[in-house]
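As structure tokens, the structure follows; a few thoughts come after it.
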């Protein structure tokens, strides 16, 4: 892994090429479309030569035909609902939200219908909603959101948030093949800033399995998405001062890998939970609460949480920088906790 | 307080009459409309002689005119957005969702626009969305939801959830007078099952202040809404076995009364957090995480959470009963914790 | 004129629908029900007429007043009563309430979702699947007058027109959305014009005349099947009982109900069949009796069926 | 014919809008910007024409191509550039990005919200407030062709018609929603017909002709003000640059742009003013120069303005 590289790899360097996070997503979509004729892509501007606001789907229409790469009008509620209808009939649509921020427009169709259908009467809804999320890139309140907590709280969904190119590919493959509605949060700031080794061809990362990115004896940082990289940077800095940090990349946010979370918490007795999303009632609250209930006896200090402020994501650099956790803040929280 | 009464009162018996939770809401709306000509009511079926699915607004149209009690078409997204426009112009709309379950239809307008407007450019949005929530009454997945966590996670909103008639009146008054968008979760199962003393005339319960419903030295139960009553019943049963329980009724879920939460947690060292909503990544996760971080040194046992299962709210009695926390389950969790 | 057998069948299905409804209303009023439910009275011609016009491989997304469609497509009254009564034998196995969650893809039925009008986008997805696979199948979806004021109604008509999706949208205009009369819901009740503005063919039909409904639905479905694109059918009727079982509907003027009662879909069909000598009153009476006893049998079976086990609570959340 | 002064003023405001846009595009292309932004080229006649037709007490909810409306209503270029550059001096104080969050109720402007088309329900609420208070004021809202395919567009038209709300909806049909041409967005581009189906009066106007836009807006606003109910104006134009600053718009056929370039709103107005001897080319040139220097001054002030302090992050979340 090069670029914004903190020295960890997903895949042995021998097994693939170095590609960007964005390329890994694009490759995975194409691979799944190749493999299964039921897979198709839909969303605003995804089709034609254009290939979407971030060009993730560029080239797919030429390769697979307009019929499998469908440009939609601006109507997230109904085109996501349409995907549910398609999924019930056996197709496997991959729906692109132009930005994760617009997923709230499709909310009813996701949380009320897609999420509950299997429980209510057995209909299977094998779709994936791709949601380009996260900030740090001066995009303001409407193009920077991390709304995963809404969906983790909702029964019947699965939620993933890859942090590396290899996981981006492998989790998308797993999401497409899963028989349930999966929301796939892409971290926009990683799109082109992160490169990594990604296996050629078939590569599936099972849903529900966290990844331990590094181990250290003193404390555990539990995180996901772009904050994995900030946490790794912090862990590197801590190590030079003799503080050993384990970094757990959750990868799947629903269902959570509680075993890995609790084992890692118990192993170090001190835990920091970090995400870019609003800390208040975020996914980190669930992780911290799990630990406070089920790893209580092993705890040697408070379960610390870092996350976005309880404000919209602000635009101006001084504000956005104040809003967002980063390596320096993780590091200083870790130092305080280590001294506990 | 009579009916489903666990021996606690909000107001001195001398200061008011005994009325139901539903009557208290209705009285508060009328009182606010009387007091301030800017207050108006809108929603599906709220107007005319009908007065809404639960008859909360019955009589208001005759008293205040059709112009202040507006029947809307089925268009939650836009009539809630309309309320935001009204609020920006200085009106104080009270919007009724027919059921809290349909608040997801209005989601964009609440979480994206109303919630962020003051931060983004200073516009004030003094509206209240009334959301008849909660289950236990065999209404199935679409008429039993407790979606408060979505909104607690969203910056810029306030969220309240009264458990008693007096608080129902007083929190609604405070919500209407607040200059921010407030979501007011009514617990449907309490509508007619709970009666209590409610002050006549002016009665305002400030937002952001939890209420300690009873004190006990051994453990603290932190809860809100209908589960306050189940928790009080459990506390009563525990007391007869010599286990003293403090019960904290949060009342306001956003902003949380962190001082009261942390003080109560520290005082007993053992905490159970209970709500009817899905436990996973629910409001209780935030409460538990707060305690695990900021009251860690005082903790004498794991922070236990009880909540709904991670399933849609099922209809059939054996399933719904299995889904939902109740006094017996709270009591047994408390006994286990007390023995820790 | 339509085949005599077909026309008598229409009566039979409507009679079964009515018998179900009468029984359900009586049970719920007397406390033998569970939770709430929705009366079907007034909607029999629409739900049966459209249901019978559909082909076996077509797929329906019925709404809460389309009991006839479920029955015609083969969902047994036992199963539906099982759902209403929260039994393990209903299509939702006790998980969903009343007429929600009555899904069975083997019968080409997608379970109803409460959130209005979420069924429409789903039906569009079904239609687009057929288009995608070049299958000669049609998705048929149902919506109330109230549902047409929700934005997704228009989003779906618009997209269906852009893609010429094989979708038929049946608007059941029963004059009310809960307590709200049509004129408080919309300035123009010409829903056909709204469809046409999107480029969707529209047609209006007497929703109490089962043969008219059948013909409109048959033609629309065949047009959609042949690649002619989406069609909207506005079927006008009256909701004869309250919105739901607890609703006395005091807000509905009595005269309005009396007028529509004259045009009761079953009475209309019966009179026509008798006048045109397609069936004798006795033959129709005997259909009514058969329907009533079929329903008795279904209720008995449903009431005898087990509730789901509380331990199964978390089963089936995921596929 | 309209007053000469008014017609020259229209040119002046369009010239200011164009000068702002040229400067903004140049700055952002050369890396002197912050985040993204949206070019206004092609929309000057609409945003200025409607802005000038509004009364001082009317309220606008502009979209992302309505720079002219902000300027006409008195929001200074300094403040707008301040917003674009994330400075504390913008109406959002650095909290919202580019043309979002430019709200100032003292100017009768509600800040834009990204989620399409959330501005419409807001404007309906503004209009309903005026109706409620019996104030002779009008809410004017703006939406793109793309926005009309979102359901809330219809929800709002429907409710506005039911309540005869004093609302004017301006549809800026610029042939594209991002990369998606009109014919992939909707089967019928006759948006007036869609309004009329809801019972909303509709009218279509050449969106590059500022006088035509002004007249249509003036008449619609006066009608709404007089209690005549809502009006929709479909103004046709072309988005001349990409969707946003980063978008090369390779998907737009070059010939299409060349055709529309002939009908550039500024050129059209200039030619007409000169032909009709309302203004000399020199007078118009001098307006252009004044506009350019006004913009230079604004950029200098905005670039010199402070960023907000990171410590103010959590201020202002609540009122």
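What to note about this one:
Order of writing sets the chain letters: A, B, C and D. Residues in each chain are counted from 1.
By definition in this document, contacts are C-beta pairs under 8 Å (C-beta built on N, C-alpha and C of every residue); 3 or more make two chains touch, one makes a residue touch a chain.
Keep in mind the model is a prediction, meaning the values are calculated, not measured.
The set of chains in contact with chain A as well as chain C comprises B, D.
Separating the CA-averaged centres of chain A and chain B is a span of 32 Å.
One finds 37 Å separating the Cα centroids of chain A and chain D. In whole angstrom, the spacing between the mean C-alpha positions of chain B and chain D is 41. Here the spacing of chain C and chain D, counted between their Cα centres, is 45 Å.
Contact of a single residue of chain D with at least two other chains is seen at positions 92, 95-96, 100-101, 113-115, 149-152, 155, 158-159, 162, 184-186, 317.
Multi-chain contact residues of chain B (touching two or more other chains): 73, 75, 77-78, 101, 104-105, 108, 112, 119-120, 141-142, 155-156, 309-312, 314. Chain contacts here are complete: no pair of chains fails to touch. Within the complex formed with chain C, the residues of chain D that make contact are 149-155, 158-159, 161-162, 183-188, 190, 193-194, 196-200. Interface residues of chain A, counted against chain C in their complex, comprise 40, 67, 72-73, 75, 77-91, 93, 108-109, 112-113, 117-126, 155-156, 158, 179-180. Only residues 34-36, 86-88, 92-98, 100-101, 113-116, 146-147, 149-151, 177-180, 184-186, 250-251, 307-314, 317 of chain C touch chain B when the two sit together in their complex. Listed in rising order, the residues of chain A touching chain B in the complex are 101, 104-105, 107-108, 111-112, 115-116, 119-120, 141-142, 149-150, 152-156, 254, 278, 280-286, 288-289, 291-294, 296-297, 299, 301-305, 309-312, 314. For chain A in complex with chain D, the residues that touch the partner chain are 44-45, 48-50, 53, 71, 73-75, 77-78, 98, 101-102, 104-105, 137-143, 309-312, 314-319, 321-323.
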